[in-house]
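Two complexes, one shared chain (chain A), two partners (chain B, chain C).
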Partner chain A sequence: MVSPVFRRVSERAQLLLGIADDELILGWRDSEWTGIAPFLEEDVAFSSIAQNEIGHARALYELAARDLDTTADDLAFDREPDEYRCARLVELRLPSWEHTIARHVLYEQADAARLERLKASGDAEVAGLAAKIDREEVYHRLHAEMWFERLKDEPRFTAALDELRPLAEAVLDPSLRDGHTPELAELWDEMTSVRRSQPTGTTW
Partner chain B sequence: MIYEVFRQERKGQAFQHAGSIEAPDERFAQWYAREQYGRRGESEALWVVARESIMRIEEFVDELNRNYHRVDGYPLKEKLKEARERAAARTQAST
Partner chain C sequence: MVTAEQVWEALADVPDPEIPVISVVDLGVVRDVRVEEERVHVEFTPTFLGCPALEVMRAQMAERIAELGAEPEIEVVLDDSWSTDRITPAGREKLRASGFAPPAPRGLGAPQLVQLQSKSFACPYCGSTDTRLENIFGPTPCRSLRYCNKCRQPFEQFKTI
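Up next is the complex of A and B:
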């Protein structure tokens, strides 16, 4: 369901959608660990982080939705997969602990730098939301750092970091985002299947 | 390693044992404690202590049965019951 309004995306909305899409898709990937993490504390940790990420996505979509005269839900679920602006790094399904932690470390580093820039934005709404998000992200960063310290001498972990590092640049620099992995379409299909089972505009 | 978590419900209140956490080190223990016992703003503060740091005392020696050291060494319940009965009897008698 593609509306012409998406073709005239304002600069601010474009920026916000990129970050919102990152957080929504990464929130999904992080939530995949619920129940299957190597131990209970990390079941809870990744669920909690995922919940925060989707909350961030929601707040960012709300702001973008005002610019685009639509709703956060429309933006989150009613676009076609190739209209999402997320970085490839967050799309990957990584059922491997070392890869998941490697992505977590790389993403949080890039996201920290991104949020610093946004907090310095002249746009009060963007700067304010970035500050709010950043206060929660402190705990995500602590989590990534403590795992990095624990795994940094493990060859499987350092190999995973090397493998994923090239994809991290696009998190901070949206101009490097040049399309999606096939995994996004698969993920989108599952993510939107219940929503699409009813006509657009249905009240749930 | 096991860590015990104590939480303070409100400022000034005593810390109470809330549960335990398994973590590889202090850094992880603090993160998990915050997650399990502080995520919903339910605690004013937390104490997180390695279980092995806690000294447990369970044996108390009282070879000479010094009940006068203890609160229960002076059984008042019986004496109070007798006093009440005497008072009731006096009231009865004067009517």
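Up next is the complex of A and C:
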């Protein structure tokens, strides 16, 4: 099921896969608030953010898939958990609101710096897609900023920020991504269950 | 043989499935139409990357071109060529008339929180700018929710991107 193609990926595909995996996994985690957020507006907000992140993941996988002669769906769902390149920060199941907002603030900050770097890339396709993604991410940052302002003096929130901050560095620096949390394998199991249960010959 | 004008005309009938008052041409997402013999090549950009309307629009465009007797080739371009400033003046008016406040012009840069929280967005029903931000996010990725203090009506505001 895992094609050997994933093991000899180009530098560009590696870069794209790392970011795409972050966005896909974070999108799944954000979607876990659908229906159970502290209030309705945040159900809507996190569902919408999740939809955007998974949309970004799809576009990034599509670009990588062309380089690797495969498809975005294969990249998203047909790899083994240990082949994902995401940062640990996005993998965590965070059922507390203060941790979710802390991750949101830290991730958006790091992602903004990453997108700035990509927009300046000499690779026109990567720079163009990063600029398009950034137009949407602006609203994620505004949402994170709004919540940061609201919670910045709450001890539970600042403790969550301190706890998660060390994990945010790996979002910007892929060389710090060394292995995964057990939560990733659990999420993978859930995330790929429909696809793995398909009868042979199913097309999507 | 079909002409590019006929293709543009046909595409002007393809609605955005999530906001059917506006067409793909009004939205400004059709970047290019090229006719090569029997083949019609259309380049188009998604509005928001996670928008599920993308696949529907793509299929409907292909269908309309096939009805003209040509072979459609729809290419999705993932570059940065689309912003809400591309929505045509006619498209903006159609949005407003059906209760969606059209996007503010992008101006000098990306939107800021203080701007969204200011009273500079007009209610599509009564025109008052005494409106407040209810939620940066809304029922689809492209919309925010606002509330008009004057006519006491919630409304959807197209995001500026």
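As a working rule, the second predicted complex is superposed on the first by the 200 of 204 C-alpha atoms of A that agree within 3 Å, B and C clash if a C-alpha of one lies under 4 Å from a C-alpha of the other, contacts with A are read in each partner's own complex, and residues count from 1 in each chain.
Methods note: a residue touches a chain if its C-beta (ideal position, glycine included) is under 8 Å from a C-beta of that chain, and two chains touch if they have at least 3 such contacts.
The shown structure was predicted, so the numbers you read here are calculated from the model rather than taken from an experiment.
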Using the overlay on chain A, decide if chain B and chain C clash or can fit next to each other. clash
Mind telling me which of the two, chain B or chain C, contacts the most residues of chain A? C
When the two structures are overlaid on chain A, which partner does A:150 contact: first (chain B), second (chain C), both, or neither? first
Report for A:180: first if it touches chain B alone, second if chain C alone, otherwise both or neither. neither
Between chain B (first) and chain C (second), which, if any, makes contact with A:131: first, second, both or neither? second
Could you look at A:104 and tell me whether it touches chain B, chain C, both or neither (first, second, both, neither)? neither
Touching A:48, do we find chain B (first), chain C (second), both, or neither? both
Examine A:114 and indicate which partner it touches, taking first as chain B and second as chain C; both and neither are also allowed. neither
Where chain B and chain C land on the same part of chain A: residues 41, 44-45, 48, 139, 142-143, 146
Considering only the defined contacts, which chain A positions touch chain B in the complex? 39, 41, 44-45, 48, 139, 142-143, 146, 149-150
With touch defined as at the start, can you tell me which chain C residues reach chain A in the complex? 45-46, 48-51, 78-80, 82-83, 110-113, 116, 134-141, 145, 159, 161
Mind pulling up the chain A residues that touch chain C in the complex? 41, 44-45, 47-49, 51-56, 58-59, 62-63, 125, 128-129, 131-133, 135-136, 138-139, 142-143, 145-146
In their complex, what parts of chain B are in touch with chain A? 21-25, 27-28, 31-32, 34-36, 39
